[in-house]
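Some structures are shown below for you to check.
Okay, so subunit A shows up in both of these, paired with subunit B first and subunit C after.
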Partner chain A sequence: MNNQIQNNGVERLTSMEKVQAGLAQRYAKERRFRRLGLAAVMTGLLFIALLLGSIVSNGYSAFWQTEVQLEVQLEQADIDPEVSRDPEVLSVADYGGLVKRSLRNTFPEVKGRRDKRKLYEMVSSGAAFQLQDMVMANPDLIGSTVKLWVPADDDIDMLVKGHIDRSKPESERRVKDQQLEWLDELTSQGRIRSAFNTIFFTAGDSREPELAGIWGAAVGSMFTLLVTLCLSFPIGVAAAVYLEEFAPVNRWTDLIEVNINNLAAVPSIVFGLLGLAVFINFFGLPRSAPVVGGLVLTLMTLPTIIIASRAALKSVPPSIREAALGLGASRMQMVFHHVLPLAMPGMLTGTIIGMAQALGESAPLLMIGMVAFIVDIPGSITDPSTVMPVQIYLWADSPERAFVERTSAAIMLLLGFLVSMNALAVILRKKFERRW
Partner chain B sequence: MSPTTLILTLAALSLFGFWLGRQRSIVVARGKLKDLHSLPVYYGYYTALWCGIPAFLIWCLWLALETVIIPDLVVAALPSKLRDVSPDHLTLIVNDIKNLVTGNIVSSNVDPAIQVAADHYQHLLNISHMALAVVVLTLAIAGAVLAWKSIKLTRRARNAVEGTVKVFLVASSTIAIFTTVGIVLSVLFESMRFFDSVPITNFIFGLDWSPQMAIREDQVGSSGAFGAVPLFAGTLLISFIAMLVAVPVGLMSAIYLSEYAGPKLRAMAKPILEILAGIPTVVYGFFAALTVAPFIRNSGGLLGLDVSSESALAAGLVMGIMIIPFVSSLSDDVINAVPQSMRDGSYGLGATKSETIRLVIIPAALPGIVGGVLLAISRAIGETMIVVMAAGLSANLTANPLQAVTTVTVQIVTLLVGDQEFDSPKTLAAFALGLMLFITTLVLNVIALHVVRKYREQYE
Partner chain C sequence: MNTKHLLLAAMAVSFSTASMAASRDHVNIVGSSTVYPFATVVAEKFGKTTKFKTPKIESTGSGGGMKLFCAGIGVEHPDITNASRRIKKSEFEKCQKNGVNAILEVKVGYDGIAVANSKKSKQFKLTRKDLFMALAKDVPGKDGKLMPNPCKTWKCVNPALPDSKIEVLGPPPTSGTRDAFAELAMGGGAKKIADLKALRKAKGEKDVKALMEKLGVPMKAYNKKGKKVFKKVAYTVREDGAYIEAGENDNLIVQKLEANPNALGIFGYSFLDQNADKVQGALIDGVAPEFELIASGKYPVSRPLFFYVKVAHIGKVPGIQEFVNAFTSEQAWGDEGYLTDKGLIPMPKAERNKYATDAKVANNLKM
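Now for the complex of A and B:
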């Protein structure tokens, strides 16, 4: 130890004294090292807190949506002049015009094209569709005056939520002074409210933040995971059973094992390249479809599932196998009747973890075209669709301030799914864990 | 009958076959089940397998061939004015026809000839599906009947069933090999096509990356340069920054948690740190782009530094955060694998805890730690979403972490996302980059796994 050798002329110290001399310094070093370690742990925890904090503080407000109350006169002459009540006629009526007229009636003083346009921009373009749905569902409303709450435009929403600063000069904010006045007027009339944002949970993607929802991506994720689960669980378990219970020790088995270990560390984007070249270009499967995404993710999660399943099989004691064989079971019966049921909890845990990994994966799905802008909610595994992480990526790229909020909310949902999947895995492990 | 209903019917038939076979074996045994070679269930499985498997294989093969043959037939029947166009145009027409058939929106007003072709397509599809149903159902019933008839006391149904199951097991275990082969072949073939148009030396040693190809022959300027050096330099820079964050923090927290921390802190901090490993990378990307990058730019601005809004520092920092749990759990494993006797020996000689850690445990665990760090580097190199969202697109050859750099994965994504013709060098370049990426990470992984395994054996 360097600090013990101190050549300050004193040469005949006993070793005890030498140790004593350096002790204070060594203890100080010890404390420093220990503090460094604690600091490292705290840094890690701080990073998590920062990450989650920034997501939650940006995203929690997305679960509310500012709504404006409109009073719309559903004139017979505008919607269905011949009183046919024919859905065809009802669906093509100019509901956007009705919404605009209602806004004009509320603020009769607004004149001039440009001012009027600003006024129309106060409510979402989805208001017309909402009105249309309402009339289509209940044609008897025609001729009356209805009051309905429609989503406000995303800029107004941001302003109400405090993400746009009122005190900035007009040229630097997206909501203009006039719109502020109208908004204050509406607020004083009690015609602005903040309601639970159902659109976010029930709609597909949209260019308008206030109309964009996560449901389409969630359904896409569900279909993709379904395909992944249906393929990777049986194949993974079968591969693990073969490698652990039947495979002879030879080069071929070695090769398989090396392959599995390497695949577990191949960058996910390379799987995307594989999917693009093989599934889409060679087999001609449809682009953007959950079935292709599921296939790619299957290949990606297989190593995880195989490795976890093998560990589960290994933990079943040999005595079980010997007892089964001793009672006259064939090897196959021994495996499928005795070993596999005992290893199943471990395998399921591994599968759930693999599925969680697949749910959060986006890079390979970008390669196979699941980044498309898709409004419709997919109805089958061959419909074009996107998945939650990719939706997050797409929204993160959008310039509107309101999309930042929605991206964060989507992340919160995704993390919620992941946490519950992992919690399920932990519970499974705790409940069925058996010590032999 | 649509293929989906057909496959469901087939499943139902197999189930019925199971029941038939099982009943038959009981009848054959005349109540004395001991005389049967196998348990009645196995005769059921036997019949069901004969009913289902051949028919299912035919079903798969048929549908695979159908997608190739029918378009060819439709093209052959097209009027010559539509047929005699460039191959690219022809694919467009075929796509139009397919879209018409599936009821998707078609780009322009429907040409009557194309409408006729679409009807023809639909007609062929109907015939094909009808024939498929007949063939599959005949095969299924024939298989079931044959198996049913062959059931007798000495029939070794269990062996046959177990043999089939084993084939399935072996086939499943070879998928890993097929995947590797698939990856290698798919990137290799496309890369070779790429190297036909761009010499491999230009790709590996070129210092200039601007993959814009001229769309027209006479266009000026964008001739495309495919030198991959700036991309690899950018990748290494970002990975290096990530390692600067992840290795000290990960290693020190692993040391602290395994050597110093009380059981309570360990039980709390470890799973929380593991959360970092479970967060999807797209979330890190969003965090980097939304929070970290503006923060670094603003604080750089306060110090009078000119920081790019897509600086390598932001991406690297966040990537480092992502890798912390990876480094810490691998280090934790190797530190715990160092035998207690070595610690006790060191304490017995009067060393303090930190001296033991620095002078005994870390040297003993070093190969394992190095292996873990190598795995972490390979992960950083292959990481995509963080850099796609937080790093830049311009290929600067710089070592300045405050500037924007681009990486291999970012370029693969930019080259392949969006509508691209599949045979332009621009698209193929992505596969060449993928090949390089695959090779780099493979080499790193092989070395790392080797080091880790060798080290583990030392103390076992």
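Now for the complex of A and C:
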């Protein structure tokens, strides 16, 4: 080395020295890159945490509902004067009046129409229906005095949960001073409690937040997904099997393949417009029905399922096909006895992911009338219904404050469904996947 | 194979439903998103207290509802449409053409449109002219000629107003609220300007063109009715960022106002009522958007709400007449009715009686 330097009179580095000299810089570069990558991941995680955090912090309180205990005298004369026990008679009795009388009895000092009205507003208008159901189910209660817990009005609920500030001047909050006094009085008597909100999980939509539930939308989602699954899975798998195993390779099949890949990228609202034009206007299927929703979502998920199924079929090694054919199986036997069972886990994964996509979809359903106020829980695929994402959209647009937490709670449920569907797909893949 | 059976079954299901659409046991309602909160409350009570199924209500906007409503007679078409404005002549004619001859018009009540800001800042005192001068795309300059709106701050519009940036969050053009705001607030303000007022009244080519010349309106906007030209000038909202389209979601506007105390928002009275602790309505022409003041007609930016019933469907689809009766009962739309709790401004008693009787005998709309 020394010789070289001396010979030329110039300092020259060997390649090893060059490497050594640049090493620190290269390590630094790599460290910087790693840090950038980590920062990118952290930003992503931060946003997810922010999103989930805001949804959960807004929504967790919706799983509890403030309830008021009422003591109602079920007088024979008010409900069923002729002791007929006829359901027709029982159903038209003035249960709202009974609830109001119970409130008046609790606070006998309340006089004047305006004050009484404020008093009645303390409990939900659903109390009367709850009482009605109770009496209809057990007419023997008539003549006795019953104690029952009924949901409080949404404003009272919001106050108890701390979403309405007591310290604000009276004109700036929806719960008036008088109502605060009554509430405190009830609380001191132990007649206010916070109970698990079963209504939220069992009822259909309502304009009263305390009576609104997600069950109607969940059933609508189930019916819609059922139709989607029944149509898109067989059609998707059949198309994939034909294209992958039987179809000749020519310009036509190339064209079909390109089109399937393109369809997967078409915005979903376009399928909604198609559904409106074809299924509703041409075939005359009913508006707002899960059957039409299912058909539209089928169109949307088909490309996903076909592409996933073809990938699953491709991953089955040709040796299996050759062995089956070599042992004398027909091509159909080869496909159905050997290739399809091996490809099935992959196909199912693709289908579940397609279904999860369909579950979260709302845009195409706007066009076919599924964005509607529907109270009754749908009983079949032709009954008018809505789906969970649409229910979230509708609640987010409602003026009542209490819908804010219900919107977030519904989002949590929907996310729960999506996560469990995706988890199922992962489990299926892990369990049945074979590597060759 | 199994898959084949599944496929056949699924197809059988989808085709058998086509015949099931031939009858319908629930009332089908479409239309305005402003009437939606009220119609849904009535529908829910109706479903719970009668033997009929709960009516289905879609919020399609007034125009979209009319389009569906006027498409024809038969169970696949809606029975009732809600509207935050009166039916237009063109829509009525379209209805007639498609065989929807007998239509019952029911006025429900009033809705006030509030211009509100966050409680963190001072309450605004605006006039309709201020709103026009602040939000119109072209406004008259010093020489009386129209020019692109130069004002960036409220102080520039009216020296009495605060020196803050003009930022107004409001609904998009598809919304009935926006139509009503343009007509009542901006149109009302434009009428206060003499030349524009004259243009609105002008008829005949000479008069209209002379006024357009004076105001500097481009001739391509010419129409022989001065009123049409006036609408074009007065109802066009500026597009340079001072007016921000915030979507149809009024809750979102309320939240944005809270976050930005300098901004103003435009939305229906019911949202102001529900969020009285967060936002305050501006005085318009000295009148606050309060229940009594809207009901008495003193608040200038309020509009009537309607629904229209297809008379041919009454008796065919169960529950229509009963639903209309429930909606027009004192218990619902009266001074102390449950709809007022949801923010509906009731009509005077005499007017309520008139519409309720009309509804009972299905007195048809004539135009």
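Everything that follows uses one rule, which is that the second predicted complex is superposed on the first by the 399 of 436 C-alpha atoms of A that agree within 3 Å, B and C clash if a C-alpha of one lies under 4 Å from a C-alpha of the other, contacts with A are read in each partner's own complex, and residues count from 1 in each chain.
Definition applied: contacts are C-beta pairs under 8 Å (C-beta built on N, C-alpha and C of every residue); 3 or more make two chains touch, one makes a residue touch a chain.
Owing to the predicted nature of the structure, the values given are computational and were not obtained by experimental measurement.
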| message | In the superposed model built on subunit A, check whether subunit B and subunit C fit or clash. | response | clash
| Touching partner for A:Arg174 - first (subunit B), second (subunit C), both, neither | second
| Which of the two partners, first being subunit B and second being subunit C, lies in contact with A:Val375: first, second, both, or neither? | second
| query | First (subunit B), second (subunit C), both or neither: which does A:Pro399 touch? | reply | second
| query | Of the partners subunit B and subunit C, which touch A:Ala238 in the superposed model: first, second, both, neither? | reply | both
| request: Name the contact category of A:Ser84: first (subunit B only), second (subunit C only), both, or neither. | output: neither
| field | Touched partner set for A:Asn105, first subunit B, second subunit C, both or neither | value | neither
| Touch check for A:Ile48: first (subunit B), second (subunit C), both, or neither? | first
| request: Please determine whether it is subunit B or subunit C that touches the greater number of subunit A residues. | output: B
| message | For A:Thr145, using the defined touch cut-off, is the partner it touches subunit B, subunit C, both, or neither? Pick first, second, both or neither. | response | neither
| said: Quick one: is A:Gln73 in contact with subunit B, with subunit C, with both, or with neither? Answer first, second, both or neither. | reply: neither
| message | For the superposed three-chain arrangement, which subunit B stretch in 254-262, 272-280 or 416-424 runs into subunit C? | response | 416-424
| request: Kindly list the residues of subunit A that each of subunit B and subunit C touches, one partner per complex. | output: 234-235, 238, 283-284, 371, 396-397, 404
| field | subunit C residues touching subunit A - in the complex, by the definition given at the top | value | 1, 3-4, 6-7, 9-10, 13-14, 17-18, 20-21, 24, 26, 28, 33, 36-37, 39-41, 43-45, 47-48, 53-54, 56-59, 76, 119, 248-251, 270-271, 273-277, 336, 338, 341-343
| message | Can you tell me which positions in subunit B touch subunit A when the two form their complex? | response | 64, 67-68, 158, 162, 165-166, 168-170, 172-177, 179-180, 182-183, 186-187, 189-190, 248-253, 255-257, 259-261, 265, 269, 272-273, 275-276, 278-287, 289-291, 321, 324-325, 328, 350, 352-355, 357-358, 375, 378-379, 381-385, 388-389, 409, 412-413, 416-417, 422, 430-431, 434, 437-438, 441-442, 445-446, 449
| field | Complex contacts: residues of subunit A adjacent to subunit B | value | 1, 19, 26-27, 29-30, 33-34, 36-41, 43-45, 47-48, 50-51, 54-55, 58, 234-236, 238-239, 241-243, 246-247, 255-256, 259-263, 265-271, 273-274, 276-278, 281, 283-284, 299, 302-303, 306, 330, 332, 356, 359-363, 366-367, 371, 389-390, 392-393, 396-397, 404, 407-408, 411, 414-415, 418, 422
| query | Which of the residues in subunit A come into contact with subunit C in the complex? | reply | 113, 117, 121, 125, 129, 164-165, 168, 171-174, 206-208, 227, 230-231, 233-235, 237-238, 280, 283-289, 291, 295, 336, 369, 371-376, 381-382, 384, 394, 396-401, 404
